[in-house]
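Below are two complexes that have chain A in common, paired first with chain B and then with chain C.
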Partner chain A sequence: MTAVTCELCPRACVIPEGAAGDCRVRVNLGGKLRATTYGRPSAVHIDPMEKKPLYHFHPGSRIFSLGTAGCNLHCLNCQNWQLSQRGGDEVEQTYRAEPAEVVAAAKGEGCRSIAYTYSDPVVFYEYVEDTATLARAAGLTNVFVTAAYINREPLRRICRVLDAAHGDLKGFDDGFYRRVSGATLKPVLDALVTFREEGVWLEVINLVIPTLNDDLAMIRRMARWMVAELGADTPLHFSRFSPQYRMRNLPPTPVETLVRARAEALDAGLRYVYIGNVRGDTGSSTVCPRDGTLLIGRSGFTITANHLTADGRCPTCNDKIPGVWQ
Partner chain B sequence: MFALMKHWREREVRFLALIALTALLIALHLGEGLSLAAREGAGHRVIDLKTLERRIDAGDLSDREAIWYHQATPREVGGGRP
Partner chain C sequence: MSDGREPQAGAVVARRRFLGLLGALLGGLGVTLGTTSGATRQPEADVPRERPLKEADFYRPHDLAG
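For the complex of A and B:
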């Protein structure tokens, strides 16, 4: 019996023959680790970029989005648990879509980007890498929507073919990560810094869960860390929790809590802080930090106004607004 | 409440102690599971291997070799979850 050790994420799973890693989809068959969902997505959709959500990356464009079964986190509030908390032997539906077919389909549908999303793309790493390499050659951009629980070396390698990342910072407390996601905080922080170091456009999301991670002092610490380590121009999205999966005992996040969190993060020095998952346009528009000019208006996933100049500047003060706009 | 407890017999006390012990064991088990899940070398999952192999043979899943792994060392095998 030949066991293998997975080096992809901080769990470092030691996997005996015939078993899977903690992610359920990386399986030891015959002493070799197999990526069983390579080329076999279980979810494929075309979404607006704002749904990822990415607000400073090709706003208003369509993004071809795919995900496979499995995940290396086990969040009690997972909204895609039917996909993420199942292995290849459990998931009902898979599609056959080799990397070249994904790229051809994305181009055929008029998408300018591909998102690796829904479950965590860390667990279908090889599929992402091959698809993203072909996509880049075909003129498409690649977006990694992730909880960022990945070791530094694999992350550095995949960053070579990524254009943007949406990193989920679930809370700024290690105990919270352990209790709610079965993970730890430090590798996530390291990964977010790595995205920045590698020049991948990064936006961060924080799902605010009542009583668990809505403490304003913790949110302030998180925002200060972002300013210091990722830069004040890194967009932060506060997202509204809704009861899901194994966390149906808590109510949806009050909008006032999100508004207070946003004010706290802005006060800590972040310049682009958004509110998501709420009806209407509360906190979802981009305004110039210098003069308050409305740059991009949004309502839900819809762009209602776009006043940025062609080269991504404020039309009033001519300041360059950070992002990938072209 | 204390007046009622005066009438408890040994049987009731033993029964309550059993319930308390059971609750404690459940809590310890859940706590251990969470801390193991978050630990490096946190082990593996037993899967339905026959179903997996059947789905690979049918083309529903892939047997593509992964990158980022190595043969486990004796120390790693000894340190993982049993």
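For the complex of A and C:
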């Protein structure tokens, strides 16, 4: 009986023969590590890009999105727990979809991008890598929607075939990560920096949970870290918590809290800070940081106005607005 | 790094092995499950039905985040 160590994420699971790692889907078969959900997505949808959410990457386009069972985090508030907190043989449905079929389906539906999302694509890494390689060759772009709990070496490798990442920064406190997600903060920060270093377009999301991570001083520290390490042009999305899974004891985040968090982050120097998961269009528009010109208006996942120039500039001051617009 | 490129048969094997071990353990302990059908007797019964991708409705509304 040969145990194997999974080197993909910071958990470094030592997996005995016949058993699975903490993510439930990476198993030791005969002394070899296998990803059991390779080619077996359990959720496949076509979503608006704004749902990922990515606001500075092909706005208004539709993105072919897939996810498999399993996750290397165990967040008490996981919205997708029926997918993420189950193994491949415990989910309600699974599709057979080899990488070439995914790319063909995405192209056939007129999508320009593929998102690896819903659970955490870290745990179906090999499937992402093979699909993204084919997708890029076929002229599609690849988006990695992740909690960024991954080791640096495999992350650098997958970045070669990624165009954009949506990274979760769940809180700027290691204790919060341990209590709520069963993870740690430092590897996440390192991974976000790696995305930037590797030239992958990055947007960050922070789900604000009442009493757990809504301290404005902590939010300010997080925003300052982003300015210093990721750059002031990195979009930050504050998202509204709603009670679910194993965290039903807390109320939904008051919109006022999100508005204050956004003001704090803007004051700390970030230039594009959004509010998501709320009704209406509070904090959802992109405006020019220099002159306040409305650049992209949004309502929910819908683009209501787009005044960017063809080459992604503010029509008033001609400043280049960071993002991937074409 | 791992090699995840031949997992199709592997997943089923892993699961059968796990169920076999589980069954042996439960049997050995004399534990009775709520149903007598027994996971080890019909190992395919609770395997999710794998469908070809072309049967997926990509536009079906869903409430998954991300």
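The rule we apply is simple: the second predicted complex is superposed on the first by the 326 of 326 C-alpha atoms of A that agree within 3 Å, B and C clash if a C-alpha of one lies under 4 Å from a C-alpha of the other, contacts with A are read in each partner's own complex, and residues count from 1 in each chain.
We take it that a residue touches a chain if its C-beta (ideal position, glycine included) is under 8 Å from a C-beta of that chain, and two chains touch if they have at least 3 such contacts.
All of these numbers come straight from a predicted model, not from anything done at the bench.
Undergrad: Figure out whether A:Cys6 sits in contact with chain B (first) or chain C (second), or with both, or with neither.
TA: both
Undergrad: Using the touch definition from the top, say if A:Asn80 reaches chain B (first), chain C (second), both or neither.
TA: Only chain C; A:Asn80 stays clear of chain B.
Undergrad: Quick check on the superposed pair: does A:Tyr118 touch chain B, chain C, both, or neither? Answer first, second, both or neither.
TA: In the superposition, A:Tyr118 contacts chain C only.
Undergrad: With both complexes superposed on chain A, which partner does A:Lys52 reach: first (chain B), second (chain C), both or neither?
TA: Touch partner of A:Lys52: chain C, not chain B.
Undergrad: Taking the superposition as given, does A:Val14 touch the first partner, chain B, the second, chain C, both, or neither?
TA: A:Val14: touches chain B, not chain C.
Undergrad: Using the touch definition from the top, say if A:Pro154 reaches chain B (first), chain C (second), both or neither.
TA: After superposition on chain A, A:Pro154 lies in contact with both partners, chain B and chain C.
Undergrad: Examine A:Ala228 and indicate which partner it touches, taking first as chain B and second as chain C; both and neither are also allowed.
TA: neither
Undergrad: Looking at the overlay, what does A:Arg40 touch: chain B (first), chain C (second), both, or neither?
TA: both
Undergrad: Which partner does A:Arg96 reach: the first (chain B), the second (chain C), both, or neither?
TA: both
Undergrad: Do chain B and chain C land on any of the same chain A residues, and which?
TA: On chain A, the overlap between the chain B and chain C contacts is residues 6-8, 18-20, 26-27, 29, 32-40, 88-90, 94, 96, 125-126, 154.
Undergrad: Give the list of chain C residues in touch with chain A in this complex.
TA: Touch list, chain C to chain A: 1-8, 10-11, 13-15, 17-18, 21, 46-56, 58-60, 62-66.
Undergrad: Going by the contact rule set out above, which residues of chain A touch chain B in the complex?
TA: Going by the criterion above, the answer is residues 2-8, 10-16, 18-22, 24, 26-29, 31-40, 74, 87-90, 94, 96, 125-126, 151, 153-154, 177-179, 182-184.
Undergrad: Which of the residues in chain A come into contact with chain C in the complex?
TA: 6-8, 18-20, 26-27, 29, 32-40, 42-46, 51-52, 64-65, 67, 79-80, 83, 88-97, 101-102, 105, 109, 115, 117-118, 124-127, 130, 145, 154, 157, 166
Undergrad: Note which residues of chain B are touching chain A in the complex, please.
TA: My answer: residues 34-35, 37-49, 51-53, 55-56, 59-73, 76-77, 79-81.
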